[in-house]
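The next block holds one structure in the form of structure tokens; read it before the comments.
Letters are used for the chains, namely A, B, C and D, taken in the order the chains are written, and counting of residues starts over at 1 for each.
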């Protein structure tokens, strides 16, 4: 099992989907058990993976040290003069993937639990949810960009339907918007992948291909490529193997992305444009200003569990893509653009926080706060220091937990009253004390209170960013300084909300039936308390995660700096 | 050699055609008597001939792989693995059409009649001849053999819509044929021969003045473009589609199109390097993509939507004609295979929904996704295939087509090709919107209809799933098919 | 740039037994917090409160033991987490300084706990009170013990959290909720500076260990001027303390924070929250270089004066004390600014005791007032009564003699009468200020002048408060005679309240700090030189002048207020200015809050704009489709028009393409195909 | 022998006349006749060119065309009859029920 643990982890929910197909009848109870069980199994598997993972497993850019790697040729397609497209089923895990896998297992499990009360077309819902459970871990584990893109795209469809069918009043609008935005991002990413495909080759696989000719070595192939003999040869093997792509030797010197290519479009090289396209593609997913407007709508309309998954994991794929693909493949460009990236980060942090401040819809406010927090990820990336990158990863992890908790909490209130407008409530704490306690914990966690996981992430990002600003002048000094205002703003909107909704004398808008305002049930409590517990656990003992992923992140940084 | 002797020898290559002819006659015979005038008999006859023909072709393909390019019937027809394979595709398409008619809820009138089977067999026979044609004689004859039964099929529902569709189709088709004939006559005058694929003819034609070349090529290709409903020979398509039943529509949009495209591919192979031909083709394809994709966006009627979709798909398939080399031929076949499986599935589901909701406007399908979740979900996969989204082989089909054009662009650097690629990309994006139109109303609109008719659920589902299964499966093993095509398609 | 800074290995040091003891003390309130927070509702209130109080008592005893037994420095350091080779450490430093602070903190906390047992008995939401207090104390201990700025920051923020929870303890009151939010946000704003300080120091030196930083800063002193970074780090840390230690202009949260329970105020003002700022600044004073100390002095001076002025016109009994705290913190800051770290810490210590005592005794009075109110409530005559308003008090001297005695002693200490602790510490600060002025001259003399004036002001407003609360008649009766019977029933508070008062009051005497009642420098406190070794020369005239100021102010105040029956305020403008905190809040609202909301609205508008743009994108395809359609309908048709001019009979077919006319299709095909061929011919 | 050019001129004239009819006449029967004219234009060409061809391909082809045209006309007329029954018209301007909405 250990050799195929990654595949098992990814495709486990497929069994669940099959199981769903064989369960007959309209009783939603049996369906929900399937999702919960499958996600629980996934969680167990990823915890096993987490415990078995050793910090020494890093060196992401060579095949040797990828533990649990799975690599098998999927297909090789001859594309005439363009050479051969070789696609591998290539999975691997390093610290970065590890944290994301753990996060997605936790959040997906929480989401499955939150789907407990779905009664409308429960079978379809759970089937789609389980499909999400396949594509999300797949996305985090795929090391072949073709595979990555498949999983990436495959997330789109279930999400689209989950929002569009089980969503709120304006679900059509929200789902279409989500679809359009993400599609735009995917197209940009796809274009870059195509360019990558045509301008690189895979010497390792070419070795296998030409092994009949005795005495041919990788050097021969590389020399042939560099001397131009092998260009446009139909037998050149191209692949989207991330490890090969991240080696600059594997680019055709005269290809679109090669070192000798002087072609420019509007004054920028193709490499720069590719980087921009990747950046925008993933920033849409992240989302960052100005590509964020799909998120509030999608969140507001999505059912609770979907919001949880959306904020908890889907956004992280944007950040993951940046760290895993955009930066390592275009280090030079990423380094050159750091000022702009930092600017995007800072703008996102502040802009979204400002907008969150004046929201009257609780869920929308939290959605904007998610955007703001994702801005920190961008800022951490811009400086490209180990602390900052680790902070970014930790921010993704912790924000995954925190936003899952926050959206679950909103869901609790919405389930009861079907109203989430902040001004419609006052003094909730006296009616729902346990609920209010967890809300307070969640709010403080989200505003970066020390002792909660968000703090570690943000402080790491700040010191990383500032160190980058001082050491390498990657970003100007004012950026991390100004970004700290984000902390204040998030404290402002959270505390203001606390004051308005939870403190004061109890009263509600007349449209709300007060009898529905019951405090948390035991099962809700169990879920919410355990998530809060995790947040505090990872806040007090970041070593649990950071010690495992640290070496990977350090290797990432040194790789990036060497390449740059 | 004695000509009769030659013909007798040639007949051995016409076994599938003979089978079709035989079953055609048998159906005719069966149709004469009240006792045997039964749907099942007709269908069984047709199916047996298809199956037998298909098996024979397969056997030939494996046997004759080593003896390519047999010209027979006094250089009128050609036999080689590519053509055998094309015929197999046509047979598969025919079988799908047959099953479609049997299961389609709206095709009761169609399947009860013997004529339907006769016409289907005739069309298929015409297609067999078309893909194997070496001479303009045969081209003309086979096109007529496809066209005339098609006219009858379209018009044979005998109601207002269908007759109108029929007459429009006929007038357009006849006019196109006339134009082509005139072109053929001029070609005959210019080159003193109609044996298109002979080296002599090619040589003579190459020496024809450019202007004359333009004229005759334009005139002759008109009929083929009409059959493939490419711009500007497309205007009949939406009207005819709208007026005809789903079963007929399925036949129209698959069998003749596949045959015509394969023939165009063969034609392109001999005209390769002739700039006037390739540019004409490129322009036509580009405009087809533009008009097909963007007009489809505006459609609210499922039939017209599929009509424009078929124009657009024709454009995408046609892109494979633009690229030179083996890859483009493989891409064409790959695309055609995906196309021949996905289009019947798409049309069948629409038929199914139309039958439930009693209307073919997209709005009529509102909310049906909740009543028919599985069917709707399969429909989404079908639509994904037509758009070219993973995880369906449509994705690879598009990739191959794009790659082949790009590759050709890299060698000749023609801005028109670049334009075609641009239009195709834009069209692909646009296609997301119109193909997702129906799933959108299936899932996201509230259910409005009060009348729901249930229909044969299981068998329909099985048919649709089975026809889409190969497409999904091909996504996971595209290299298998490509390797196969690599071996087979080289003889074109 | 970073190459200039010598890299210092951060060694890990295991904890010795003394450190283990300190850790035990540190973890005790945390365990209390966890225990009481989760089981709060399920155990008896008395068990709950006595458990917390008992723990605090044990902590106090242990702290004293720790303080006695400690010799030299005990540094221990562990790894918190590591990112590859980068290690983030956490460390604890035990020395005389920190253990002293521990003793103070635990003692005051213990007293407050004892007091709270009685005080909170009848209050609502009892179950969360003691856990919050425990959290408060543990966070404070964390700040005291931590030798790592990052870790300090964590506790720093947790102090903020605990204060938020405690200030907003009566969350049903809107003022309470608002005050809690305000306190947290003002502190958070200042804390940004702390984050920045951490960023700067980490980026420059690669560590946030204070003891290591100290070495590094001293090592790199030569290029400090070039880099100017440690200056900004120091500035940032100071600014962080401006929030927590309530300095001008961020002190406005502190008066509002009186909305919390009175014992909390006592704790907040004495040993925990506001002390944390000064304490941290003293700990990191090596970072205060160049012009930063002067800035600190000036701001401290301004704070001291402004707050004292406000205290003169405030009627809220607790707010007077709050302003007094702000003012005294200004003194401490001044001392820090002139480098008199010892004096600052000394004042911090003495102030902790007498201010806690003052709060608790005023709290006792308020408790009594509340009792009257609640009695009335019991009799169904509930009236809104501001139990904190000094204008309604008076004559409590006879009713509550012990309270009065405790109050008087700490009052004397605060205004700096000889033989009381405040005299010693204030004298040390004034002396230091004077010394500094002698050296640097010019504006420093102004500081000295203001410091002395403030001494007078302090005496004035404290005397005013004393007279208003304890002397004269009970003025509430003048507005509403129905309180008479309740006033008659007022007796001295319960012993649980009195004992802390007595103990804390006792700490206001001189002998705890120095045997010589007039000279602090000779006392053991200053001799031990907790923080820095610089001694100040003793000037005999300073205590004398200060005492003169004090006595004079007392005389004026007595003269002014002794005959007052019902307080009528004159000079309303001034009062309004004071009541509005010199319009600082208005200014902040105007300068920050309003722009923030403006920007928020702008951003929201931008979002809408983006959305519209996105809609445009979605419509784009439809538009293209429309265009294609228009192309079909008009361009091609237009050509048909054109051709039609030459051919008869064709007119009726013009729009035939639109109309489904097959001949229209023919035209379309013909023309389109012809055009295409023509264009291609031209192209070729 | 009459030179081929004359045949071509005649055939082009026929083609043009046929096309004009197809394009302009509203009666379906006329349109069908126009199409026949186009067919015959092709026939004339083929026969004319066939004179020069020893294999007589042209002549053969034209025979073929005549046959097929007859078949096509049969189908066309059949459909026209049905059409007339259903729509009561054979005016092309009135057969416009199927169109872009």
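Assume contacts are C-beta pairs under 8 Å (C-beta built on N, C-alpha and C of every residue); 3 or more make two chains touch, one makes a residue touch a chain.
Just so it is clear, the model here is predicted, and its values are computed rather than measured.
Note on interfaces B-D and A-B: more C-beta pairs are in contact across B-D. Central chain (C-alpha centroid nearest the global protein C-alpha centroid): A.
One simple way to say how far apart two chains are is to compare their mean CA positions; for chain A and chain D this gives 66 Å. Averaged C-alpha coordinates give centres for chain B and chain D that are 26 Å from one another. Centres computed as Cα averages put chain A at a distance of 43 Å from chain B. Per-chain Cα centroids separate chain B from chain C by 78 Å. Within chain D, the positions touching two or more other chains are listed as 22, 31, 95, 97-100.
Residue numbers of chain C whose C-beta contacts span two or more other chains: 660, 662, 666.
For chain A, residues touching at least two other chains, in rising order: 176.
Pairs of chains in mutual contact: A-B, A-C, B-C, B-D, C-D. Those residues of chain A that touch chain C in the complex are listed here as 176-177, 180-181, 184, 290, 293-294, 296, 351, 354-355, 357-358, 386-387, 390, 427, 429-430, 444, 449-451, 455-456, 459-460, 462-463, 465-467, 469-471, 480-481, 484-485, 487-489, 491-492, 495-496, 498-499, 502-505, 541-543, 546-547, 549-551, 553-555.
Looking at the complex, you find that chain A touches chain B at residues 74-82, 121, 123-124, 149-150, 153-154, 157, 161, 164-165, 171-172, 175-176, 183, 187.
Chain contact summary for the complex, chain B toward chain A: residues 323, 325-328, 369-370, 373, 377, 380, 384, 389-391, 396, 400, 403-404, 406-407, 410-411, 429, 432, 440, 443-445, 476-480, 482, 486.
On the chain D side of its complex with chain B, the touching residues are 4, 8, 11, 15, 18, 22, 28, 31-32, 35, 38-39, 41-46, 48-50, 52-53, 57-58, 60-61, 64-65, 68, 71-72, 75-76, 78-80, 82-83, 86-87, 95, 97-101.
Touching chain C in their complex are the following residues of chain B: 167-168, 171-172, 175, 210, 214, 218, 222, 231-233, 235-236, 239, 275-276, 279-280, 283-284, 287, 290-291, 294-295, 297-298, 416, 426, 429-430, 433.
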